[in-house]
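Chains here go by letter, A, B, C and D, matching the order in which they are written, and residues are numbered from 1 within each.
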(Lines give C-alpha, C1' and ligand atoms only; values in the text may rest on other atoms or scores of the structure.)
Protein backbone atom coordinates (compact mmCIF):
# COMPACT_ATOMS: atom_id res chain seq x y z
CA UNK A 1 0.00 0.00 0.00
CA UNK A 2 1.46 3.36 -0.98
CA UNK A 3 1.00 6.46 1.13
CA UNK A 4 -2.21 7.51 -0.60
CA UNK A 5 -3.75 4.18 0.32
CA UNK A 6 -3.69 2.56 -3.12
CA UNK A 7 -3.72 -0.96 -1.73
CA UNK A 8 -4.88 -3.83 -3.87
CA UNK A 9 -6.76 -6.68 -2.28
CA UNK A 10 -7.65 -10.28 -3.00
CA UNK A 11 -10.38 -12.52 -1.57
CA UNK A 12 -11.38 -16.12 -2.25
CA UNK A 13 -14.81 -16.99 -3.68
CA UNK A 14 -16.78 -19.20 -1.30
CA UNK A 15 -20.46 -20.03 -0.80
CA UNK A 16 -20.64 -17.06 1.53
CA UNK A 17 -21.25 -14.19 -0.90
CA UNK A 18 -22.42 -11.97 1.96
CA UNK A 19 -18.89 -11.88 3.35
CA UNK A 20 -17.47 -11.18 -0.10
CA UNK A 21 -19.93 -8.30 -0.55
CA UNK A 22 -18.81 -6.85 2.77
CA UNK A 23 -15.17 -7.08 1.73
CA UNK A 24 -15.76 -5.41 -1.63
CA UNK A 25 -18.02 -2.76 -0.08
CA UNK A 26 -15.46 -1.87 2.55
CA UNK A 27 -12.64 -1.71 0.03
CA UNK A 28 -14.54 0.39 -2.52
CA UNK A 29 -15.88 2.76 0.15
CA UNK A 30 -12.36 3.45 1.42
CA UNK A 31 -11.32 4.06 -2.17
CA UNK A 32 -13.96 6.78 -2.42
CA UNK A 33 -17.11 5.21 -3.85
CA UNK A 34 -20.37 5.81 -2.04
CA UNK A 35 -24.14 5.57 -2.35
CA UNK A 36 -25.81 4.03 -5.37
CA UNK A 37 -22.60 3.65 -7.34
CA UNK A 38 -20.96 1.77 -4.50
CA UNK A 39 -23.98 -0.52 -4.10
CA UNK A 40 -24.05 -1.04 -7.87
CA UNK A 41 -20.44 -2.24 -7.92
CA UNK A 42 -21.06 -4.56 -4.97
CA UNK A 43 -24.10 -6.07 -6.68
CA UNK A 44 -22.17 -6.55 -9.93
CA UNK A 45 -19.35 -8.38 -8.13
CA UNK A 46 -21.96 -10.51 -6.37
CA UNK A 47 -23.46 -11.48 -9.74
CA UNK A 48 -20.11 -12.43 -11.22
CA UNK A 49 -19.16 -14.45 -8.14
CA UNK A 50 -22.55 -16.22 -8.11
CA UNK A 51 -21.78 -17.25 -11.70
CA UNK A 52 -18.52 -18.81 -10.53
CA UNK A 53 -20.54 -20.81 -8.00
CA UNK A 54 -23.16 -21.81 -10.59
CA UNK A 55 -21.14 -22.31 -13.74
CA UNK A 56 -17.48 -22.75 -12.77
CA UNK A 57 -17.49 -25.27 -9.88
CA UNK A 58 -17.20 -22.48 -7.33
CA UNK A 59 -13.47 -22.15 -7.80
CA UNK A 60 -12.11 -18.66 -8.15
CA UNK A 61 -11.03 -15.46 -6.47
CA UNK A 62 -11.65 -11.74 -6.55
CA UNK A 63 -9.02 -9.04 -7.00
CA UNK A 64 -9.50 -5.34 -6.42
CA UNK A 65 -7.41 -2.26 -6.99
CA UNK A 66 -8.00 1.46 -7.43
CA UNK A 67 -6.43 4.76 -8.33
CA UNK A 68 -7.69 8.35 -8.06
CA UNK A 69 -10.20 7.84 -10.84
CA UNK A 70 -11.73 4.40 -10.48
CA UNK A 71 -12.15 1.18 -8.55
CA UNK A 72 -11.65 -2.08 -10.46
CA UNK A 73 -12.72 -5.52 -9.32
CA UNK A 74 -11.85 -8.67 -11.25
CA UNK A 75 -13.80 -11.86 -10.59
CA UNK A 76 -11.74 -14.86 -11.66
CA UNK A 77 -12.73 -18.47 -12.17
CA UNK A 78 -10.41 -21.41 -12.85
CA UNK A 79 -12.67 -23.18 -15.34
CA UNK A 80 -12.08 -20.72 -18.17
CA UNK A 81 -15.30 -21.26 -20.08
CA UNK A 82 -16.79 -17.81 -19.78
CA UNK A 83 -16.31 -15.91 -23.05
CA UNK A 84 -17.25 -12.38 -24.21
CA UNK A 85 -20.19 -13.77 -26.22
CA UNK A 86 -21.92 -14.68 -22.96
CA UNK A 87 -22.22 -10.98 -22.21
CA UNK A 88 -24.06 -10.04 -25.40
CA UNK A 89 -27.32 -11.85 -24.68
CA UNK A 90 -29.36 -8.81 -23.60
CA UNK A 91 -32.28 -8.61 -21.21
CA UNK A 92 -34.05 -11.99 -21.19
CA UNK A 93 -37.53 -10.61 -20.45
CA UNK A 94 -39.87 -11.49 -17.61
CA UNK A 95 -40.93 -14.93 -18.87
CA UNK A 96 -37.40 -16.30 -18.55
CA UNK A 97 -36.32 -17.09 -15.01
CA UNK A 98 -32.52 -16.97 -15.29
CA UNK A 99 -29.92 -15.22 -17.41
CA UNK A 100 -29.92 -11.72 -15.89
CA UNK A 101 -26.49 -11.65 -14.27
CA UNK A 102 -24.28 -10.47 -17.10
CA UNK A 103 -26.93 -8.08 -18.39
CA UNK A 104 -27.27 -6.58 -14.92
CA UNK A 105 -23.49 -6.13 -14.51
CA UNK A 106 -23.50 -4.05 -17.68
CA UNK A 107 -26.30 -1.85 -16.33
CA UNK A 108 -24.47 -1.34 -13.04
CA UNK A 109 -20.85 -0.64 -13.97
CA UNK A 110 -18.99 1.87 -16.11
CA UNK A 111 -16.94 -0.90 -17.67
CA UNK A 112 -17.51 -4.65 -17.95
CA UNK A 113 -14.97 -6.81 -19.75
CA UNK A 114 -14.55 -10.56 -20.04
CA UNK A 115 -11.02 -11.88 -20.37
CA UNK A 116 -9.46 -15.35 -20.57
CA UNK A 117 -6.00 -16.69 -20.05
CA UNK A 118 -4.31 -19.94 -19.05
CA UNK A 119 -5.49 -19.46 -15.45
CA UNK A 120 -9.19 -19.19 -16.35
CA UNK A 121 -11.82 -16.60 -17.20
CA UNK A 122 -12.41 -13.28 -15.50
CA UNK A 123 -14.98 -10.50 -15.45
CA UNK A 124 -13.51 -7.06 -14.98
CA UNK A 125 -15.87 -4.57 -13.35
CA UNK A 126 -14.89 -0.91 -13.11
CA UNK A 127 -16.58 2.04 -11.46
CA UNK A 128 -15.40 5.64 -11.86
CA UNK A 129 -15.10 7.35 -8.50
CA UNK A 130 -16.74 10.62 -9.48
CA UNK A 131 -19.29 9.32 -11.94
CA UNK A 132 -23.06 9.39 -11.89
CA UNK A 133 -25.24 6.27 -11.63
CA UNK A 134 -25.32 4.62 -15.05
CA UNK A 135 -29.10 4.20 -15.34
CA UNK B 1 -52.69 -27.44 22.50
CA UNK B 2 -56.36 -27.96 21.71
CA UNK B 3 -57.56 -28.84 18.23
CA UNK B 4 -57.99 -25.22 17.17
CA UNK B 5 -54.34 -24.58 17.93
CA UNK B 6 -54.74 -22.50 21.09
CA UNK B 7 -51.30 -23.41 22.35
CA UNK B 8 -49.61 -21.23 24.90
CA UNK B 9 -45.85 -20.73 24.75
CA UNK B 10 -43.02 -19.62 26.98
CA UNK B 11 -39.53 -18.37 26.16
CA UNK B 12 -36.64 -17.20 28.31
CA UNK B 13 -35.31 -13.64 28.10
CA UNK B 14 -31.67 -13.57 27.04
CA UNK B 15 -29.35 -10.98 25.47
CA UNK B 16 -30.51 -12.24 22.08
CA UNK B 17 -33.70 -10.24 21.55
CA UNK B 18 -33.64 -11.06 17.84
CA UNK B 19 -34.41 -14.69 18.61
CA UNK B 20 -37.16 -13.68 21.03
CA UNK B 21 -38.71 -11.43 18.37
CA UNK B 22 -38.69 -14.33 15.93
CA UNK B 23 -40.41 -16.57 18.46
CA UNK B 24 -43.11 -14.02 19.26
CA UNK B 25 -43.58 -13.15 15.59
CA UNK B 26 -44.00 -16.79 14.62
CA UNK B 27 -46.44 -17.46 17.44
CA UNK B 28 -48.58 -14.38 16.84
CA UNK B 29 -48.64 -14.93 13.07
CA UNK B 30 -49.93 -18.47 13.52
CA UNK B 31 -52.55 -17.09 15.90
CA UNK B 32 -53.79 -14.83 13.11
CA UNK B 33 -52.04 -11.48 13.47
CA UNK B 34 -50.38 -10.01 10.40
CA UNK B 35 -48.90 -6.85 8.94
CA UNK B 36 -48.46 -3.69 10.97
CA UNK B 37 -50.36 -5.02 13.99
CA UNK B 38 -48.13 -8.07 14.16
CA UNK B 39 -44.98 -5.96 13.86
CA UNK B 40 -46.35 -3.59 16.50
CA UNK B 41 -46.81 -6.41 19.01
CA UNK B 42 -43.33 -7.77 18.29
CA UNK B 43 -41.79 -4.33 18.83
CA UNK B 44 -43.71 -3.87 22.09
CA UNK B 45 -42.49 -7.21 23.43
CA UNK B 46 -38.96 -6.27 22.39
CA UNK B 47 -39.24 -3.02 24.36
CA UNK B 48 -40.50 -4.76 27.50
CA UNK B 49 -37.79 -7.44 27.26
CA UNK B 50 -35.08 -4.79 26.70
CA UNK B 51 -36.27 -3.20 29.95
CA UNK B 52 -35.76 -6.51 31.74
CA UNK B 53 -32.16 -6.49 30.41
CA UNK B 54 -31.62 -2.85 31.39
CA UNK B 55 -33.51 -2.50 34.64
CA UNK B 56 -34.12 -5.99 36.07
CA UNK B 57 -30.75 -7.80 35.82
CA UNK B 58 -31.84 -9.58 32.62
CA UNK B 59 -33.74 -12.22 34.51
CA UNK B 60 -37.19 -13.03 33.24
CA UNK B 61 -39.31 -14.88 30.73
CA UNK B 62 -42.06 -14.30 28.19
CA UNK B 63 -45.41 -16.06 28.09
CA UNK B 64 -47.87 -16.00 25.21
CA UNK B 65 -51.39 -17.26 24.68
CA UNK B 66 -54.30 -16.50 22.39
CA UNK B 67 -57.95 -17.13 21.66
CA UNK B 68 -60.14 -16.27 18.66
CA UNK B 69 -60.10 -12.59 19.53
CA UNK B 70 -56.64 -11.65 20.70
CA UNK B 71 -53.01 -12.53 21.28
CA UNK B 72 -51.55 -11.79 24.70
CA UNK B 73 -47.87 -11.69 25.59
CA UNK B 74 -46.64 -11.22 29.15
CA UNK B 75 -43.06 -10.12 29.76
CA UNK B 76 -42.00 -11.12 33.28
CA UNK B 77 -39.03 -10.07 35.35
CA UNK B 78 -37.92 -11.48 38.68
CA UNK B 79 -36.84 -8.20 40.25
CA UNK B 80 -40.38 -6.92 40.80
CA UNK B 81 -39.62 -3.19 40.79
CA UNK B 82 -41.64 -2.17 37.74
CA UNK B 83 -44.88 -0.52 38.86
CA UNK B 84 -47.84 0.99 36.96
CA UNK B 85 -46.59 4.51 37.68
CA UNK B 86 -43.63 3.86 35.36
CA UNK B 87 -46.09 3.70 32.47
CA UNK B 88 -47.65 7.11 33.01
CA UNK B 89 -44.62 9.21 32.10
CA UNK B 90 -45.75 10.17 28.58
CA UNK B 91 -43.63 11.01 25.56
CA UNK B 92 -40.26 12.35 26.77
CA UNK B 93 -39.68 14.67 23.79
CA UNK B 94 -36.71 14.75 21.44
CA UNK B 95 -34.21 16.32 23.84
CA UNK B 96 -34.30 13.32 26.18
CA UNK B 97 -32.39 10.29 24.96
CA UNK B 98 -34.08 7.47 26.90
CA UNK B 99 -37.49 6.73 28.37
CA UNK B 100 -39.52 5.85 25.29
CA UNK B 101 -40.12 2.15 25.86
CA UNK B 102 -43.27 2.16 27.98
CA UNK B 103 -44.74 5.07 26.04
CA UNK B 104 -44.12 3.23 22.78
CA UNK B 105 -45.74 -0.01 24.05
CA UNK B 106 -48.90 1.97 24.75
CA UNK B 107 -48.90 3.37 21.21
CA UNK B 108 -48.43 -0.09 19.72
CA UNK B 109 -50.82 -2.37 21.62
CA UNK B 110 -54.54 -2.48 22.30
CA UNK B 111 -53.90 -3.17 25.97
CA UNK B 112 -50.85 -2.60 28.17
CA UNK B 113 -51.00 -3.51 31.84
CA UNK B 114 -48.31 -3.70 34.52
CA UNK B 115 -48.81 -6.30 37.23
CA UNK B 116 -46.76 -7.43 40.25
CA UNK B 117 -46.79 -10.51 42.41
CA UNK B 118 -44.39 -12.47 44.58
CA UNK B 119 -42.57 -13.76 41.46
CA UNK B 120 -41.80 -10.30 40.08
CA UNK B 121 -43.26 -7.66 37.77
CA UNK B 122 -44.84 -8.21 34.38
CA UNK B 123 -46.01 -6.18 31.42
CA UNK B 124 -49.09 -7.61 29.72
CA UNK B 125 -49.35 -6.71 26.02
CA UNK B 126 -52.49 -7.58 24.10
CA UNK B 127 -53.36 -7.24 20.43
CA UNK B 128 -56.85 -7.88 19.03
CA UNK B 129 -56.71 -10.17 16.01
CA UNK B 130 -59.15 -8.24 13.84
CA UNK B 131 -58.30 -4.74 14.96
CA UNK B 132 -56.90 -1.77 13.08
CA UNK B 133 -53.46 -0.25 13.79
CA UNK B 134 -53.77 1.90 16.90
CA UNK B 135 -52.12 5.05 15.58
CA UNK C 1 -26.18 -11.45 7.89
CA UNK C 2 -28.65 -14.25 7.38
CA UNK C 3 -32.08 -14.40 5.86
CA UNK C 4 -35.45 -15.27 7.32
CA UNK C 5 -38.89 -15.93 5.89
CA UNK C 6 -41.89 -15.45 8.16
CA UNK C 7 -45.26 -16.81 7.09
CA UNK C 8 -48.39 -14.81 7.90
CA UNK C 9 -52.03 -15.62 7.22
CA UNK C 10 -51.41 -19.29 7.31
CA UNK C 11 -53.02 -22.15 8.99
CA UNK C 12 -53.10 -21.94 12.79
CA UNK C 13 -56.03 -24.33 12.63
CA UNK C 14 -54.47 -26.52 9.95
CA UNK C 15 -56.65 -25.03 7.19
CA UNK C 16 -55.18 -24.11 3.88
CA UNK C 17 -55.65 -20.51 2.87
CA UNK C 18 -55.68 -18.91 -0.60
CA UNK C 19 -53.84 -15.75 0.51
CA UNK C 20 -50.47 -15.98 2.16
CA UNK C 21 -47.92 -13.36 3.15
CA UNK C 22 -44.21 -14.08 3.31
CA UNK C 23 -42.18 -11.51 5.22
CA UNK C 24 -38.55 -11.54 4.08
CA UNK C 25 -35.77 -10.13 6.22
CA UNK C 26 -32.05 -9.92 5.53
CA UNK C 27 -30.13 -10.69 2.37
CA UNK C 28 -31.64 -12.67 -0.49
CA UNK C 29 -28.85 -14.12 -2.60
CA UNK C 30 -27.39 -17.31 -4.04
CA UNK C 31 -26.99 -18.74 -0.55
CA UNK C 32 -30.42 -17.85 0.83
CA UNK C 33 -32.77 -18.42 -2.13
CA UNK C 34 -33.25 -22.08 -1.16
CA UNK C 35 -34.96 -20.90 2.07
CA UNK C 36 -37.37 -18.75 0.10
CA UNK C 37 -37.96 -21.54 -2.42
CA UNK C 38 -38.87 -23.88 0.44
CA UNK C 39 -41.43 -21.40 1.79
CA UNK C 40 -42.87 -21.01 -1.71
CA UNK C 41 -43.13 -24.76 -2.24
CA UNK C 42 -44.96 -25.02 1.08
CA UNK C 43 -47.37 -22.28 0.00
CA UNK C 44 -48.10 -24.08 -3.28
CA UNK C 45 -48.68 -27.34 -1.40
CA UNK C 46 -51.11 -25.48 0.90
CA UNK C 47 -53.17 -24.38 -2.11
CA UNK C 48 -52.05 -20.77 -1.86
CA UNK C 49 -53.25 -18.75 -4.87
CA UNK C 50 -52.36 -15.21 -3.93
CA UNK C 51 -49.01 -14.47 -2.48
CA UNK C 52 -47.91 -11.22 -0.87
CA UNK C 53 -44.17 -10.94 -0.43
CA UNK C 54 -43.23 -8.26 2.10
CA UNK C 55 -39.71 -7.11 1.26
CA UNK C 56 -39.63 -4.10 3.63
CA UNK C 57 -36.85 -5.73 5.66
CA UNK C 58 -34.88 -6.96 2.65
CA UNK C 59 -31.40 -5.44 2.83
CA UNK C 60 -30.13 -7.03 -0.39
CA UNK C 61 -31.57 -8.82 -3.43
CA UNK C 62 -29.66 -10.07 -6.45
CA UNK C 63 -30.67 -11.64 -9.76
CA UNK C 64 -30.98 -15.05 -8.10
CA UNK C 65 -33.65 -13.56 -5.85
CA UNK C 66 -35.39 -12.03 -8.85
CA UNK C 67 -35.42 -15.45 -10.55
CA UNK C 68 -37.27 -16.90 -7.58
CA UNK C 69 -39.82 -14.07 -7.56
CA UNK C 70 -40.42 -14.63 -11.28
CA UNK C 71 -40.77 -18.36 -10.65
CA UNK C 72 -43.46 -17.69 -8.03
CA UNK C 73 -45.25 -15.42 -10.48
CA UNK C 74 -45.24 -18.18 -13.08
CA UNK C 75 -46.38 -20.86 -10.61
CA UNK C 76 -49.29 -18.80 -9.32
CA UNK C 77 -50.31 -17.52 -12.75
CA UNK C 78 -50.75 -21.20 -13.68
CA UNK C 79 -53.46 -21.42 -11.01
CA UNK C 80 -54.90 -18.01 -11.87
CA UNK C 81 -53.33 -16.44 -8.81
CA UNK C 82 -50.94 -13.55 -8.28
CA UNK C 83 -47.79 -12.35 -6.61
CA UNK C 84 -47.70 -8.86 -5.08
CA UNK C 85 -44.62 -7.24 -3.55
CA UNK C 86 -44.82 -4.87 -0.60
CA UNK C 87 -42.32 -2.35 0.77
CA UNK C 88 -39.64 -2.27 -1.94
CA UNK C 89 -36.84 0.01 -0.81
CA UNK C 90 -34.89 2.18 -3.24
CA UNK C 91 -32.14 -0.42 -3.68
CA UNK C 92 -34.42 -3.35 -4.44
CA UNK C 93 -36.52 -1.14 -6.70
CA UNK C 94 -33.41 -0.17 -8.65
CA UNK C 95 -32.40 -3.80 -9.15
CA UNK C 96 -35.91 -4.62 -10.39
CA UNK C 97 -35.84 -1.69 -12.77
CA UNK C 98 -32.38 -2.46 -14.18
CA UNK C 99 -33.29 -6.09 -14.80
CA UNK C 100 -36.50 -5.04 -16.53
CA UNK C 101 -38.87 -6.88 -14.20
CA UNK C 102 -40.28 -3.86 -12.32
CA UNK C 103 -43.61 -4.07 -14.15
CA UNK C 104 -44.04 -7.81 -13.73
CA UNK C 105 -45.38 -7.44 -10.18
CA UNK C 106 -48.05 -5.37 -8.47
CA UNK C 107 -46.32 -3.39 -5.75
CA UNK C 108 -47.66 -1.76 -2.59
CA UNK C 109 -46.05 0.34 0.15
CA UNK C 110 -47.10 -2.16 2.85
CA UNK C 111 -48.37 -5.73 3.06
CA UNK C 112 -51.57 -4.44 4.67
CA UNK C 113 -52.27 -2.37 1.56
CA UNK C 114 -51.55 -5.38 -0.66
CA UNK C 115 -54.02 -7.45 1.35
CA UNK C 116 -56.64 -4.69 1.18
CA UNK C 117 -56.25 -4.55 -2.62
CA UNK C 118 -56.78 -8.30 -2.84
CA UNK C 119 -59.92 -8.21 -0.68
CA UNK C 120 -61.32 -5.38 -2.77
CA UNK C 121 -60.86 -7.26 -6.04
CA UNK D 1 -29.77 -11.74 11.99
CA UNK D 2 -26.87 -9.52 12.84
CA UNK D 3 -26.14 -5.88 12.27
CA UNK D 4 -23.45 -4.12 10.28
CA UNK D 5 -22.28 -0.53 9.94
CA UNK D 6 -20.41 0.45 6.79
CA UNK D 7 -18.56 3.75 6.67
CA UNK D 8 -18.54 5.73 3.44
CA UNK D 9 -16.85 9.01 2.57
CA UNK D 10 -14.18 8.49 5.14
CA UNK D 11 -10.49 8.62 5.03
CA UNK D 12 -8.84 6.37 2.47
CA UNK D 13 -5.89 8.72 2.67
CA UNK D 14 -6.06 9.09 6.44
CA UNK D 15 -7.65 12.54 6.23
CA UNK D 16 -10.56 13.47 8.43
CA UNK D 17 -13.68 14.49 6.61
CA UNK D 18 -16.58 16.68 7.78
CA UNK D 19 -19.26 14.58 6.03
CA UNK D 20 -19.60 10.89 6.76
CA UNK D 21 -22.16 8.30 5.76
CA UNK D 22 -22.94 5.27 7.88
CA UNK D 23 -24.82 2.52 6.06
CA UNK D 24 -26.75 0.37 8.54
CA UNK D 25 -27.91 -3.13 7.66
CA UNK D 26 -29.85 -5.61 9.73
CA UNK D 27 -31.49 -5.21 13.11
CA UNK D 28 -30.71 -2.29 15.39
CA UNK D 29 -31.64 -3.18 18.94
CA UNK D 30 -30.39 -3.48 22.51
CA UNK D 31 -27.76 -5.99 21.37
CA UNK D 32 -26.48 -4.12 18.34
CA UNK D 33 -26.54 -0.44 19.42
CA UNK D 34 -22.99 -0.70 20.82
CA UNK D 35 -21.71 -1.32 17.26
CA UNK D 36 -23.44 1.82 16.03
CA UNK D 37 -22.22 3.80 19.03
CA UNK D 38 -18.65 2.75 18.26
CA UNK D 39 -18.97 3.95 14.65
CA UNK D 40 -20.42 7.25 15.91
CA UNK D 41 -17.61 7.75 18.43
CA UNK D 42 -15.11 7.14 15.64
CA UNK D 43 -16.87 9.73 13.47
CA UNK D 44 -16.73 12.31 16.28
CA UNK D 45 -13.04 11.56 16.82
CA UNK D 46 -12.44 12.08 13.07
CA UNK D 47 -13.99 15.57 13.31
CA UNK D 48 -17.14 14.59 11.46
CA UNK D 49 -19.70 17.39 11.52
CA UNK D 50 -22.41 16.15 9.19
CA UNK D 51 -23.57 12.61 9.44
CA UNK D 52 -25.79 10.79 6.95
CA UNK D 53 -27.23 7.57 8.30
CA UNK D 54 -28.48 5.31 5.51
CA UNK D 55 -31.15 3.05 7.02
CA UNK D 56 -32.43 1.57 3.72
CA UNK D 57 -31.24 -1.87 4.78
CA UNK D 58 -32.46 -1.60 8.37
CA UNK D 59 -34.92 -4.43 9.00
CA UNK D 60 -35.69 -3.47 12.59
CA UNK D 61 -35.19 -0.48 14.90
CA UNK D 62 -36.40 -0.16 18.48
CA UNK D 63 -36.36 2.67 21.04
CA UNK D 64 -32.75 1.85 21.94
CA UNK D 65 -31.83 2.58 18.33
CA UNK D 66 -33.78 5.83 18.44
CA UNK D 67 -31.90 6.86 21.59
CA UNK D 68 -28.62 6.48 19.74
CA UNK D 69 -29.86 8.51 16.76
CA UNK D 70 -30.98 11.26 19.16
CA UNK D 71 -27.60 11.10 20.87
CA UNK D 72 -25.85 11.63 17.53
CA UNK D 73 -28.12 14.57 16.82
CA UNK D 74 -27.19 16.13 20.15
CA UNK D 75 -23.46 15.47 19.70
CA UNK D 76 -23.34 17.01 16.23
CA UNK D 77 -25.61 19.93 17.12
CA UNK D 78 -22.98 20.79 19.75
CA UNK D 79 -20.47 21.29 16.90
CA UNK D 80 -23.04 22.99 14.66
CA UNK D 81 -23.42 19.92 12.54
CA UNK D 82 -26.35 17.73 11.57
CA UNK D 83 -27.71 14.21 11.30
CA UNK D 84 -29.75 13.24 8.23
CA UNK D 85 -31.47 9.89 7.76
CA UNK D 86 -31.86 8.26 4.36
CA UNK D 87 -34.14 5.48 3.15
CA UNK D 88 -36.53 5.02 6.09
CA UNK D 89 -38.87 2.14 5.32
CA UNK D 90 -42.50 2.11 6.46
CA UNK D 91 -41.70 0.20 9.65
CA UNK D 92 -38.89 2.43 10.82
CA UNK D 93 -40.92 5.50 9.86
CA UNK D 94 -43.81 4.27 11.99
CA UNK D 95 -41.56 3.74 15.01
CA UNK D 96 -40.16 7.25 14.60
CA UNK D 97 -43.65 8.70 14.33
CA UNK D 98 -45.04 6.83 17.33
CA UNK D 99 -42.13 7.88 19.52
CA UNK D 100 -42.56 11.49 18.43
CA UNK D 101 -39.08 11.91 16.96
CA UNK D 102 -40.03 11.89 13.27
CA UNK D 103 -39.47 15.65 12.93
CA UNK D 104 -36.14 15.70 14.76
CA UNK D 105 -34.21 14.57 11.67
CA UNK D 106 -33.98 15.64 8.05
CA UNK D 107 -34.91 12.63 5.95
CA UNK D 108 -34.16 11.74 2.33
CA UNK D 109 -35.10 8.82 0.07
CA UNK D 110 -31.44 7.95 -0.55
CA UNK D 111 -28.04 8.78 0.91
CA UNK D 112 -27.06 10.33 -2.43
CA UNK D 113 -29.91 12.83 -2.09
CA UNK D 114 -28.89 13.58 1.49
CA UNK D 115 -25.33 14.28 0.32
CA UNK D 116 -26.58 16.48 -2.52
CA UNK D 117 -28.68 18.50 -0.06
CA UNK D 118 -25.60 19.02 2.15
CA UNK D 119 -23.42 20.15 -0.78
CA UNK D 120 -26.14 22.59 -1.86
CA UNK D 121 -26.40 24.22 1.56
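As a convention for this text, a residue touches a chain if its C-beta (ideal position, glycine included) is under 8 Å from a C-beta of that chain, and two chains touch if they have at least 3 such contacts.
Only a predicted model underlies this, so the values are computations on that prediction, with no experimental measurement involved.
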Next item on the list: Would you pick out the chains that touch subunit B and also touch subunit D?
Entry: C
Checklist line | Those chains which touch subunit B and also touch subunit A | finding: C, D
Checklist line | Between subunit C and subunit B, distance of the C-alpha-averaged centres to the nearest whole Å | finding: 28
Checklist line | Touching two or more other chains - residue numbers and ranges from subunit A | finding: 36
Notebook entry, point to check: Residues of subunit C touching 2+ other chains?
Noted result: 1, 4, 60, 91, 110
Notebook entry, point to check: So how do the chains connect up here, line, ring, star, complete, or something else (other)?
Noted result: other
Next item on the list: Just spell out which pairs of chains touch, all of them.
Entry: A-C, A-D, B-C, B-D, C-D
Item checked: Residues of subunit B touching subunit C in the complex -> 4-5, 22, 25-26, 29-36, 38, 133
Note to self: Which residues of subunit D touch subunit A once you look at their complex with the stated criterion?
What the structure shows: 4, 6-10, 12-14, 21, 110-112, 115
Next item on the list: Mind listing the subunit C positions that touch subunit A in their complex?
Entry: 1, 27, 29-31, 60, 62-64, 66-67, 70-71, 73-74, 91, 94-95, 97-101, 103-104
Checklist line | Interface residues, subunit D side, partner subunit C - complex | finding: 1-4, 25-26, 56-60, 87, 89-91, 109-110
Notebook entry, point to check: What does subunit A use to touch subunit C in their complex?
Noted result: 15-18, 21, 36, 39, 43, 46-47, 50, 53-54, 91, 93-98, 100-101, 103-104, 107-108, 135
